[in-house]
Amino acid sequence: MSAPINVTVWNEYRHEVTKEAIAAIYPRGIHGAIAEGLDTTGKIRTATLVEPEHGLTEEVLNDTDVLIWWGHMAHGDVQDDIVERVHRRVLQGMGLIVLHSGHFSKIFKKLMGTSCDLKWREADEKERIWIVNPAHPIAAGLGEYFELPQEEMYGEHFDIPAPDELVMVSWFEGGEVFRSGCCYTRGSGKIFYFRPGHESYPTYHNPNVKKVINNAVRWAAPVDREYPRYGHSQPLETIKGNG
Amino acid sequence: MSAPINVTVWNEYRHEVTKEAIAAIYPRGIHGAIAEGLDTTGKIRTATLVEPEHGLTEEVLNDTDVLIWWGHMAHGDVQDDIVERVHRRVLQGMGLIVLHSGHFSKIFKKLMGTSCDLKWREADEKERIWIVNPAHPIAAGLGEYFELPQEEMYGEHFDIPAPDELVMVSWFEGGEVFRSGCCYTRGSGKIFYFRPGHESYPTYHNPNVKKVINNAVRWAAPVDREYPRYGHSQPLETIKGNG
Amino acid sequence: MSAPINVTVWNEYRHEVTKEAIAAIYPRGIHGAIAEGLDTTGKIRTATLVEPEHGLTEEVLNDTDVLIWWGHMAHGDVQDDIVERVHRRVLQGMGLIVLHSGHFSKIFKKLMGTSCDLKWREADEKERIWIVNPAHPIAAGLGEYFELPQEEMYGEHFDIPAPDELVMVSWFEGGEVFRSGCCYTRGSGKIFYFRPGHESYPTYHNPNVKKVINNAVRWAAPVDREYPRYGHSQPLETIKGNG
Amino acid sequence: MSAPINVTVWNEYRHEVTKEAIAAIYPRGIHGAIAEGLDTTGKIRTATLVEPEHGLTEEVLNDTDVLIWWGHMAHGDVQDDIVERVHRRVLQGMGLIVLHSGHFSKIFKKLMGTSCDLKWREADEKERIWIVNPAHPIAAGLGEYFELPQEEMYGEHFDIPAPDELVMVSWFEGGEVFRSGCCYTRGSGKIFYFRPGHESYPTYHNPNVKKVINNAVRWAAPVDREYPRYGHSQPLETIKGNG
């Protein structure tokens, strides 16, 4: 199953450039690995922090149906005007998939309105991701759960708005749980937060993780529909005035 | 039924100062009228834009359980650092009740993450507010609906996140509908958006409107509980390491 | 846009048989009109009350991706064992679209768990259906609202669980509002309740109504995925036993 | 903090009568232990299966604000007419707290509309219950999590409607997660499902479990308000008729 959805994969692309161990896992960058795993027949682009306008020009965004976001150590270096631009496009309908440490990105925090804080730990521990909404399209083709043998732990409380739809909950070896697959609608856009993907593990090569991202791309693709009109509005019915 | 909840009523307090017709309706300001209608046995404060720090010092906010917000023409004059401060307090548990044109306040937009835009019209038209969640504490003591003989119209699409709980929907004479009573949880805080209250009508003198605000104060009051710990976290169970 | 989704349109088929005025609007029955409006490339079946097993044999249901349900005066004549069968299939993944007076059908009440009661009136009045969730796939291709010049009124309080996603709200000329497009997930199945469609009006010939039903069929189609396993379950990790 | 809420604790009361080991843990029955832990100043009643009408007469239910339900091996012995009676009272406003194996009770399945099935295992394993909604009144006074050293495991997928509010998620030693504190509104009534409480462990003597139940009683207490009117309804506005 594939659809002509235009996807742009954004990555800050720092860890892979500065640390050999990370580069060994993701020789073409995390964005490269994610892009290779996409099954859309639409245009696939990648964009990174060092490019002019971080590679997210008006032109690119206007031609993007779904934007995928990975960031971690360089959240603060993302320009505020680009964040505003992405925000505007999401409200206008562009899908957004925020991965792992992207929970602390400017764009995710702006869209959520909360601190997006959480517990974390790097201890090479096992994560088991359970599907709690078997009817959801993002769960298509997945088993009841899937495992990642080693991942960073993220634990509750995760300071996000209650998801419009909660699809996945993680179990961690060290004793925590986490809402790992969270769907939101904001304006005319759809947002999916997906927990896994610490840079020091080969998570984005995992077939289940790829499946989730592809499902999420299809789910988050814009609905074909005119943007609502806001502002001053003439009455549709006669008003008597009760003064 | 009353409880010792400390409430601060914030009002930009511009219309009442600059327009005689508005002052005639609210001689002690919109904040004054709202404060008079509160039945809490806690401390009732008011605060306005012209006061130092808009009257919302750390001290005041730390002693406030629920903050009520009315603003309209002066949203842009509210200082960003005060908005940050209120935002922080909401996430830490302070309740927030946003009234009418407060939908476009900096604090509401920051908490919602969306444009908070809507349709509007000033045409002295009738509004009928229907309760769609009869089990909700904010609906206590209300009939199936209540009417405001003349109000400003706000119409859908209202660009907000889907409310965690939708309590009221308005019918307007001119042909629109609106989600008028919307509950949100953000961090450890609760937020209620309540639509009515255009400055040129005596809406905050209406007994049903007062009842809603008092119910909302009780609903939004903080839960007695330690703030969650975020950040690096030791495991609660032994991790084998699957490397 | 079309997909090979197998749809079965169920109708009690009483009004059209017993009243000439209704038959004039729907000469091939309400089910016939709905079936003609479907754009799926899958199998389209119809089924009615008088057929053996109401036309809803195990075989038919097992080959049905989405079931559409219209009933009104004969709810009580639907056999309980067929209701159980449909219920089971919905939980296993079959989509269900419940139309108009189907709110009081056995299958809808069983899935909702509430009385599903409402206010109603037949007064040839205007209904205006507003989209309140512009990002939802069921809103694809629709304007901000659409009108039905004459419909039966359904008014709040509508005694349903809060929808998982609320897509539409109706405005009625006589002064009521109604949650008219309601999405639910139950088990592995998706359910859409859509308000319009009183038998004495040509509602199912309306192009916007057809669009909604086609969108809902696509939204409600089952996700390709194994049914969860329930019951006794072996541990996935070693249990120390803390006795 | 206490309030005059009338609570009835219902228990099938079989395990304690037939097994000595269970009786040793709950000498006055599970209902007795729960009733002793309540801090309401209202009337506290208990009721069990063997009583006439299972102790749930119209009179008792009409005088009950919140009903607590524990059942397991005798779900099938609960009379359908009593289930209907409880169901009616919940829709009319009575709160309902369903505990542990009550997930399979007739009343819970009827209110949820789903199979309410789940994974389970009796292996004396550790359960850690995490709070995922720190603003919720049912979380008052609780830490970030609390532990039960030995409990029966319940695992996802739990076949319930997505909770209106999800308050708690359990981590199990054997590798599963579970939505353990789930809030619902049905009609004018509020329902809380709380997972722990296998009969062979002293769970209802645990101070955190008691705290949750007391919080849930306060949350589920009825809102003081007239029951909505349903059925035929006169227009509130003039209808022109567009025929």
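First chain written, first letter: the chains are A, B, C and D, and each begins at residue 1.
Throughout what follows, a contact is a pair of C-beta atoms (placed from the backbone, for glycine too) under 8 Å apart; a residue touches a chain by one contact, two chains touch by 3 or more.
Note that the structure is predicted; figures quoted are calculated from it, not measured.
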Find out how few touching-chain steps suffice to connect chain B with chain D.
1
Most distant chain from chain A by Cα centroid
D
Chain centres from averaged Cα atoms put chain B and chain C apart, in whole Å, by 36
Centroid spacing, where centroids are CA-atom means, of chain C and chain D in whole angstrom:
30
Enumerate the residues of chain B that touch no fewer than two other chains.
128, 131, 133-134, 144, 155, 157, 162, 164-165, 173, 175-176, 185-187, 228-229, 236-237
Take each protein chain as a node, join two nodes whenever their chains touch, and name the resulting shape: line, ring, star, complete or other.
complete
Chain C-facing residues of chain D, complex:
91, 110-115, 117-121, 123-126, 149-150, 153, 155, 157, 159, 161-162, 164, 173-176, 184-187, 228-237, 239-243
Chain D contacts chain A in the complex at 128, 130-134, 144, 155-158, 162, 165-166, 169-172, 175-177, 179
Show which residues of chain A lie in contact with chain C when the two form their complex.
93, 128, 131, 133-137, 139-144, 164-165, 173, 185-190, 222-229, 236-237
